[in-house]
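Same chain, two partners: chain A is paired with chain B first, then with chain C.
Moving on to the complex of A and B:
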């Protein structure tokens, strides 16, 4: 219980810090709306007109909005982890009576929650204003919010995993770019998943990407309790796997850090 | 001329530093090629099913990839320092640069060369040669487009990373904006119209980076050629203007530092 309070304090600090940085939130909101308009246009031309999307234009905008909302809210935690490792700052963080991974996750979660709240309000208001109606039941909205938080947390864990690859690599950004491209591709952001051959769609469902983006957003528009339960299971399962990988790799990395003297 | 010689020396030092760790350099280069090929594969799959997007076919998409990845890679190799500009401003690290009698923006831009840039450049040349999109006539044009795209990418990166001068610690926003530009530049940009088209040629100049080069390679016209050159010059000019306007608002950090 004592430990949880420490991480909660870190979470709170990060939450307040992100909230105070309102200029960044305004900038992110403008950026989100720009991306939303561009992607909506791209999908309309490149996907909807080719008949591979079974969503009407209103639903399509909501789908893209839910994708963009989570995607832009995820903080770039991998860069902070990379910086801690490369600059040797980790040596100063290790003696603290909190786990480095736990503290980083709590800090990232604080930023993620503020981003999700503010950008969520902007996305919802803008999309509703554009479409003029909600194409899903109110329950769908609650599901979207909870699933959005879980999806953001999962992405955060995987980005931390990318960050700690700095134990072995000079720069982690190439790994991040691969993660991001796969997220765009298998997450159904760039193009709808239905555009890809069947085998690729099958591969996609064995990755965490559809759960983070496309599948989650599509679920809000076509509410199905069994699918929601499945998605919850998928997000939690991938999250547990990510945490296990994170702690194993972190311990291995620490051994290298000790040998090289930090 | 002195500034140019200084920049060349800066570039040589940066490149040597970036490739000094051979293993990491090779891994990063290979990963960047893989990243680009994943993106390329997505479009390949798309164009196999649907032959064209608003009149553009797969060859045009390859031209976009060659010019986009080539320009982005060249920026990371030659002007990689601009990617750190916002961090430098936020942490007050401009001081060591400002004390030296050199062009400040060029000095910062040339202060770092990213090894992953070579991965992007190699992707461009792999696609250029294996995709057979260039003829003897269009090859110099594509190279020119890559240089122009590099300058536009650099200019937009400078402008975006200058945001902390006015908005404080918004490094994440600057990075997201620049990454989004790279992403949109690799999409077919001929599909936009109206206000969105204006945005695509100004705020997110994916149109300058990919639309004009593709149109030039498809059907050369002097009007479009000069539009490309003029747009590039304007973007570079605007980047310098934004940087030096923001510099007036810079509050020096109080930490000691030196550049060797």
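Moving on to the complex of A and C:
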């Protein structure tokens, strides 16, 4: 029987573990600030010289900050899953009375939450210091935080899917590389999707990438309830699809383990 | 004693895909790769009683991991039956999980930046152990494994030996009836190895836990186990008590003599001289060809003896001989 308390305990311990690993958090924070400084300058110059995008650089900084905040917070769970599968560790985790997928997700979520909290504070402080105002009412910050958590969770589910593909591919890093680049491009990491050619926007909205990054961060440019509702729907819909795919592929993968050996 | 593990004509086949060398070979493999059946385990039959301490050994690729994976319910057998604690592992993996424990020397279940006690608390929740029962069990294991002073230290600060003691405690919290151990002393120093072996013995004697140990370290086998099951090429080679195994295979003895005379010249069939230095004579005696007492008698004819030492060949030597034995079915 699915016992939520077990997964909550794993989540809690992972949260605690990630907090103790403060050196990693410092490293991520430094990286995040570096990215934000570079992009802030890039956008100021681009806006001033080319006028390519008719958007306020301050709003754009919030946009990029919201993107980078979630992007850098997502733990590299696909690497852990790949390692479990390739090293045979999975075989030793399976006899435990807890679902492997559930435990991995709970563990990843624990790390994600710590990263989101710490990097969220860093992002907010830096961007506020640069801009001096919020792009939406203070209540919007809570909504953006919740959406950030859901977006991180969605990315975590898809990264677990990439990790699970090690049942067939053994080495998943090339596929993670492709995923990451697609996320940067169709997620609108550096440019809001609205400035993309129409066909790219159309393609992007058939993928989960905008929900993870650009669509959510675009609330910094235009905060409206319809966009928020649409985004919640999109994140939950893609999340359900991801979990179904994960569950199906995992079962198929275990069958392969049984047929072809570990 | 109850039977806790029962294997009857257990076999496992895998499908192996053919691969070709080089980049072109990889592409070719995508379209023209043939697959063939590999027999990983064939007709394995044995029973294990509660409280036994089993060394389950064999050379690399012998099928040990595959058998353990079937015993723990991860793999289904291709044919034959398997029963662990009255359950069919691949059908009842979840239920079996509460009754067995696993310790894998090269894989940790402890959280690196946290003290072991945090992992213990988590495992108590995963195994749904009642809080009061958990506290009693933890106290008992902490004393047995002498880890009280380690409970508050981060795992990263523990030595390998300390970490392994904590690993074993983590695997025993839910009172497993069978403990599967895979190379539990790998990488440990001599003292830590001795301590782990002593603790496993104590655990087995005091708590009646069945130990199922896989190790390439013959001292683990010698000091912990009372029965040895040897596998090669997926089939059973030997299943015997450690005592019988030694008797069966230890037909050679190493004899060391300290002599009155400087040199000793003994030429007897079945005796191979290893060292003949000043007052020190060492030889290997094949007791099937030449009894030990005959060597002593012959030596006494030539010199007075100050000291005699007779040693069995090492367990390593026995295992080496066993690995060269053909499987029963071949």
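One rule holds in what follows: the second predicted complex is superposed on the first by the 240 of 262 C-alpha atoms of A that agree within 3 Å, B and C clash if a C-alpha of one lies under 4 Å from a C-alpha of the other, contacts with A are read in each partner's own complex, and residues count from 1 in each chain.
Here is the rule we use: a contact is a pair of C-beta atoms (placed from the backbone, for glycine too) under 8 Å apart; a residue touches a chain by one contact, two chains touch by 3 or more.
Just so you know, these numbers come straight off a predicted model, no measurement behind them.
When the shared chain is aligned, chain B comes close enough to touch A:31, but chain C does not. In the superposed model, A:236 makes contact with neither chain B nor chain C. By the touch criterion stated above, A:5 is placed in contact with chain C alone, chain B being left untouched.
Put chain B and chain C next to each other and count what each touches on chain A; the higher total goes to B. When the two complexes are overlaid on their common chain A, residue A:174 makes contact with chain B while staying clear of chain C. Look at A:21: by the touch rule set out above, it reaches both chain B and chain C. Touched by chain B in one complex and by chain C in the other are residues 21 of chain A.
Those residues of chain B that touch chain A in the complex are listed here as 21, 24-25, 27-28, 31-32, 34-35, 38-39, 42, 45-46, 49-50, 53-54, 114-116, 119, 163, 167-170, 172-173, 175-177, 179-180, 183-184, 187-188, 191-192, 196, 199-200, 203-204.
Of all residues in chain A, only 3, 5-6, 9-10, 13, 16-17, 20-21, 87-89, 91-92, 94-98, 257-262 touch chain C in the complex they form.
Interface residues of chain C, counted against chain A in their complex, comprise 14-17, 38, 40, 65-66, 69, 72-76, 93-94, 96-98, 100, 102, 104, 107, 111-114, 118-119, 121-122, 125-128, 154. Across the complex, chain A meets chain B through its residues 21, 23-24, 27-28, 31, 34-35, 37-38, 41-42, 45-46, 50, 72, 75-76, 169-171, 173-175, 177-178, 180-182, 184-185, 190-191, 195-197, 200.
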